[in-house]
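Look for chain A in each of the two complexes below; its partner is chain B in the first and chain C in the second.
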Partner chain A sequence: MPFFKTIRWVVWKDLISEWRTRETMSSMLFFALIVILVFSFSFSMDQDAARQLIAGIIWVAFTFTGIIGLGKSFTSELQNDCLESLQMCPAPKGAIYLGKVAANFLFMLSVEILLFPLFVLFFNLDVIEAVGTLLIIFFLATLGLSSVGTLFSALTVQIRAREVMLPVLLLPLAVPVMIAAVEATRGALSGDPFSFYSQWIQLLIIFDIIFTVVSFWLFEFILDS
Partner chain B sequence: MIAIQVSNLSKAYGFYRIFEDLSFDIHPGECFALFGPNGAGKTTLLRILATLQAPSHGQFTIFGQDGVAQKDTVREIIMLIAHGSHLYDELSAAENLQFALGLRGQAPSPPQIKRALDRTGIGAFADLKIRQFSAGMKKRLDFAKTILAQPQLLLLDEPYNALDHDGVAITNQLIQETLDRDGTVFMTTHDRDKATQIATRGGILKGGHLQLLSSEQLTTDAIF
Partner chain C sequence: MINRIIRQIQRYKGWFGGGAALCIFLGLYIGLLASPPDYYQGELVRIMYVHVPLAHTSTLAYSVLFFGSIWYLWKRDPLVDNMCQASASICALFTSLALITGSIWAKPTWNTWWTWDPRLVSFTVLLLILGGYIMLRRLVDDPVQGGRYAAILAIVGGIDLPIIKFSVEWWRTLHQPMSFSTRGVSISEDILVPLTLMSIGCWLLFAYMVMVRTQILYLTDLLHAKKGRFLSQTHFSQTTP
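The block that comes next holds the complex of A and B.
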């Protein structure tokens, strides 16, 4: 069974469905805009405090926005029992998992790229020199969140209280990624030399590898159960 | 080679036994119709054969492959048409076929897809999203999938539901084509009149036990 063709089909299906409904992206964007506005007004009187906290604010917004997208990733498979067809199709289950991760990663990264200029605008950030580094951090942290989030989305999709269970299960595991992402983003935004925060980027790479490999291996058992 | 070989198969949910010690063989070229009252376990048996559920005890093979230990191999040669249509609402009929067949490692050409849709009477709706399809049209699209996939074993759960007269005729014609190429069909149904037009053997699942029926017995009212 062609492994990469399966990944491509799953990504194609998720992207084309999202393009036609815009359900996931619009709810993610709407939530993130509210977060930005609330924090922006909260810190409007104290720009110094905002600069100290902006990395945390960015990743709170990105993570919770991502959870909205991840939650919808497998609920769309419940319509017409499509999850059943994924379960019994002869394609490698790991390829289906990677296809879902890739689609979720693209949704999350697209929203982050759309939102970040708003953070720059509302919090008056000077990011021109750090844009390249920030994109690498966004890429790595989003990959980590989508790889572990996709697994938990599949795990919780058949649970009645899935909207509650997904963040409850996912957030404790995502904390290391969030901490590494916040510290690396803080370093990049503060203009620190790369060596000052490169260990956090290395940590993100390690988490990405661990989360992706373990989730890839576990996905077949979760889908079949 | 036996198409479906079931040996002492049992299924229980906790202390509630659905069926126990089922044993039967189905050969290539046979269409087996399974009857029984609601809750008898017909769909459960079908889902076990489709590798979606594991049996509590016993074993089964599909064309010589163990249904539990070798389910990945089994999944390559079977196809299930169930109550859920397994179709994505936001994709068109043609796109759904491309996706479903793509996951089976097949790449049907647009003319092949068009022919399959034409044969099931929905060729004019190839570009229409599934969201706008009726239940009967979805069922026809499921059968278009089987035309392209050509599975060795076709598992059908209440295949005549939601189908009009033409739909039933198309379904039975496609079942006959599957049998003609030495494929096997296993269906669960309540519709004896329609099933007996095509079934070569059958059975009644009742009280957890299976009573096997010959083709002559399928049309004997006293048995049902």
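The block that comes next holds the complex of A and C.
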């Protein structure tokens, strides 16, 4: 099968199975809501405290939610030996990887876009002029998380204790994404000029490029058996 | 039946162990007893002769793990996989020792056991990655698959570590200046001699430990293979009869 057609089919397959079950997105959304609630209980926040902490809260919620989605991405392939079918499929493995990244990216980004208004509502944020920049930051950081995360989702799905091992392996590697996303979001929300935090966006772009390429190459060694 | 390289290791590892013992003994003697106290830090400087070589050695150990993992994915040599596994656990040992000695040094100089200094943070992340590596190897049933997965983790980690260090450094320097820096201070000979000796000693010690551990892991695998436990194994095609 040609390369780009494979990518399209993998994305299409994931979207259809998500549309029919609505498992991943709904569990991600509910989990994220609970995280937001836990945070608002843990810190009694006035306007000033909220402005200080909100960037971190947003990204902790998004990352943990993303890990749920990433974990589901390959555990759902375990039923009916779908994973073995993917392994035996005469399609380029890299294309399967890119299709999975695209699907995970779409799930995570849509959950983030649904959640963000709730953050604005619950924490009284003032975001009108920062929305464009925030969308760019969400886009880049989610791409970084899903490119590494998809690789480790495929890696942990075939081992014992997979639910624990995905965050244990993924979170230390995602440290640069977390730092850059939090700093850039804080800059955007506090209304700093773009040049103050543009280096964090550059870091996100560099991370995305490096790890999409590296994971694309390494994915072949995971599915090959 | 035993691999040629394993036999070479058996022959030469004693030199590495002896050299390590000699260098560390001399380095400790000069560093702890014979050298004068530092102008700024007084007697406190002496922990540096242990701390800095440990930290250097752990980065060296991770480089061995990183390049070994690339080599393993490329050539699928089981001995290289054993070497990677050996250097990962020894790297974890050196990293934790570096963090502990650093913490002991930080208490009198920075007046705190722990601070979010860039180097401390990146070493902690390194330790977390190594912990993940060691856990990952235990959680995969098929050892060949485990070696491949662990190699993938080591490669991603090796590419990520410079980015982590860079981003953490950037993050901290934007918030607060580093409280202590050796940059721009020229190092005198009194410090340089014991420091070099200890560094060479730690590198030799690392090499010796990796050799012994690789040998153990390889021979254990060989024993299992002989008992017929590795059914899915292409493992020992390269052993010389």
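Assume the second predicted complex is superposed on the first by the 218 of 225 C-alpha atoms of A that agree within 3 Å, B and C clash if a C-alpha of one lies under 4 Å from a C-alpha of the other, contacts with A are read in each partner's own complex, and residues count from 1 in each chain.
The criterion applied here is as follows: a contact is a pair of C-beta atoms (placed from the backbone, for glycine too) under 8 Å apart; a residue touches a chain by one contact, two chains touch by 3 or more.
These numbers were taken from a predicted model, which means no experiment stands behind them.
Chemist: Can A:183 be said to touch chain B (first), chain C (second), both, or neither?
Modeler: The second partner, chain C, only.
Chemist: Is A:207 touching anything from chain B or chain C once the two structures are fitted on A? First, second, both or neither.
Modeler: Touch partner of A:207: chain C, not chain B.
Chemist: Kindly classify A:155 by the partners it touches after superposition: chain B alone (first), chain C alone (second), both, or neither?
Modeler: The second partner, chain C, only.
Chemist: Per the contact definition in the header, classify A:37: touching chain B only (first), chain C only (second), both, or neither.
Modeler: neither
Chemist: Is A:16 in contact with chain B, with chain C, with both, or with neither (first, second, both, neither)?
Modeler: A:16 contacts chain B only, not chain C.
Chemist: When the two structures are overlaid on chain A, which partner does A:6 contact: first (chain B), second (chain C), both, or neither?
Modeler: After superposing on A, A:6 lies in contact with chain B but is clear of chain C.
Chemist: First (chain B), second (chain C), both or neither: which does A:79 touch?
Modeler: Once the two structures are laid over each other on A, A:79 reaches chain B alone.
Chemist: Taking the superposition on A as described, I'd like to know which of chain B and chain C A:90 touches: first, second, both or neither.
Modeler: first
Chemist: Using the touch rule from the top, collect the residues of chain A that touch chain B in their complex.
Modeler: Checking each residue of chain A against chain B gives 1-2, 5-6, 9, 12-13, 16-17, 20-21, 76, 79-82, 84-91, 96.
Chemist: If you look only at chain B, which of its residues touch chain A in the complex?
Modeler: 50-52, 72, 75-76, 78, 80, 82-91, 95, 99-100, 102-105, 129-130, 138
Chemist: Considering only the defined contacts, which chain A positions touch chain C in the complex?
Modeler: Touching chain C: residues 148, 151, 155, 158-161, 165, 168-169, 172-173, 175-176, 179-180, 183, 199, 203, 206-207, 210-211, 214-215, 218, 221-222, 225 of chain A.
Chemist: Looking at the complex, which residues from chain C come into contact with chain A?
Modeler: 73, 125, 128-129, 131-132, 135-136, 139-141, 145, 148-149, 151-153, 155-157, 159-160, 163-164, 166-168, 170-171, 174
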